[in-house]
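You will see chain A twice below: alongside chain B first, and alongside chain C after that.
Let's look at the complex of A and B:
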């Protein structure tokens, strides 16, 4: 089992086209189908979602999830500066902020976990496209919100045939980057 | 503007792999980005989502959406028998039931709107894959929850390049089938 107990809220934010909806889905499936918890993924559309910003919330719980809207965000991933600026206020005190340091110039907090996901995807996996999976690997390692085996299973079951290896490698790039960040602190 | 006022809840259900998440996303984007309303899309994972069933809820409102979980489902689309059996109880009295008559043998209600979406996709668009877009066109026509122009814009902006024409045609197949059903009543 993963280490989180009770209700745990993860907000994945960035720009449209970065694959954050898919990342949220993979996280929710890892938590539910493979870890046996309950998970709800929500995406809101409206004034707040305009201006190129995109976000999805994943709520994971051992018990039933009666209220699926994120109210106390435990972890905020920001893959763009506008998304960070918009959603930083939703992070609860003591919550974890993870930013793509390749795209977010001003994390605004000293304790932000800054990892260049998009650059890592480009350099280690050959395409920016994998930045969402790199970030997913890092978030999973940093939060332990889902078990690693479950995350891998969810990712490998979903990605297009023939891309399993590169996606698995992208996950691991994120995991290693997270470990290096934690060791360097 | 579309004809619905206040809060309107649409539940799209079926089997995994039928593209219902995407259909929900397109509906939510049509309502928000193009019709100027608010929309929230939610997918739950957990015990209820197992057994090959898949569902996504789209809540559309003129105002803010404080509670994104569907509580009074106005429209239920069921693209498989297990999904219908699981979710029919969530449809509010007087709500609209739309089923894929190619896959649902027992709609269980005399007033069900039964249209063979999957067969239409196969026969009119050449692939079952388009059943979700055919169903989306029908649901939009039946409910008027989003304007037709907005739905088309949302679909054409999202589908892979080169598939715009066939997706546009799939939408229209659904719209025409809905009209024929209403005329035949």
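Let's look at the complex of A and C:
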């Protein structure tokens, strides 16, 4: 059996501190523990504690996953301009580009799905730090790479106690924004 | 909490699996100094060891870290530390001490790109020969290299078991990709793996020789503060542990610490074979690189090349047996490594010129891509 059969690659990129590693971990858990597929998550970041380019790859497959990193990215999420500029080349032809339009000024592609995740987090959830969960909700809705129930279960099992409700609503803010974008196309 | 040893399906990091494996193997002491990309191991054990009555100490540096695990082991505890290249360099002197004084302990080295501070967050396999020869003088070592998150768990247990059984330092030679990678795993239940306890001397014996090395079996090791009082030194010593310059005793001691491991190289060798049944092109790989090599074998087969892979799980001692057996029908061996040529030296020694051996090295802080290995092999075989 070919290893690449059914292989789906998601790359979440941005700046250190935006919570993308956690988002990748949650996506991998949703796909694997809850949806029953195989998932591998890897990461790459600079030596800085905050700032600098940061990315995480989540590979989801029904089969064995030998190569742990993304090579032909199906979906690229860019939460900063430098990350977009760095990783846009890894997106396969016809792949989906999702950008945080609050932080990325030049998406560089007409078909980019531009949603202001950080602004939505601030306005709808009260803090910028929910931007990763808002984006996660949108990516899940746009790609259907994981089922919604699985993603919710994974997120709610991992977030700090007492923050379940706000994280749940952050996910939903992302989902609704994605739906609005798709309807407005 | 991180470090959960549940046996249902979960997605965890290699470093996390290593920390869980340490507890499963009965490690009760960890002394270390956090360093990327190994820090999660220390972080998790700092939380979990105290819960099982163990001890975690953050030492002032890596020299002290390895000294602390040697001391803990001499007091009877299964002990471990975790580090990366810069810390592993600092540990070399005491690694030799543990080798000559035959003190069981485990050093986890999650390799990052070097030399020196290098690339703290990026992978490499540059410490392979340092693991074998980093400390001075003749000695041997046992080192295992995991390629999966599950193996980070099982091989940590193996490293502890082998350290206790052979009274030697052992090294779990991970790399950043494996350490930081999260993967779907189901950890095996306690009934499915063995935990080795060290042999201890009969408390009533009046002539305990903690450093007996007559070539038959590994001597039992008593705990400091226990029934027997004995001397431990880094000076070359006799069977009682006192320094000696008697040629015959020195020769016997040093040959013993080498032979007790090297004579069992084939027995200790653990390897995975993939598509080797009819292969005439062999990829020889280990660690995260082996995952790429496996993808390449599949791709090469689709291109009509009869490729196969041997993945070395045991790096040291290096077993030549399987390579020699296969060499008769091989026309090419390719060794991809994230270094400029380290384990290939052992492959070449095993093959002794009978098959062309080519190296593919990558040292820019990135894992190979499958196409890179595939295309290299295609060029080498003239396709």
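Rule of thumb we're sticking to: the second predicted complex is superposed on the first by the 173 of 185 C-alpha atoms of A that agree within 3 Å, B and C clash if a C-alpha of one lies under 4 Å from a C-alpha of the other, contacts with A are read in each partner's own complex, and residues count from 1 in each chain.
Going forward, a contact is a pair of C-beta atoms (placed from the backbone, for glycine too) under 8 Å apart; a residue touches a chain by one contact, two chains touch by 3 or more.
Keep in mind that what you see is a predicted model, and the values were worked out from it rather than measured.
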May I ask you to decide whether A:71 touches chain B, chain C, both, or neither, giving the answer as first, second, both or neither? second
Have a look at where A:25 lands relative to chain B and chain C in the superposition and call it first, second, both or neither. both
Do chain B and chain C touch any of the same residues on chain A, and if so, which? 25, 28-29, 32-33, 38-47, 65-69
For chain A, which residues count as touching chain C in their complex? 2-3, 24-25, 28-29, 32-33, 38-47, 65-69, 71
For chain C, which residues are in contact with chain A within the complex? 9-11, 36, 119-122, 177, 180-184, 288, 291-292, 294-295, 298, 302, 367, 369-371
List of chain B residues in touch with chain A within their complex: 21, 25, 28-29, 31-33, 37-47, 49-50, 65-69
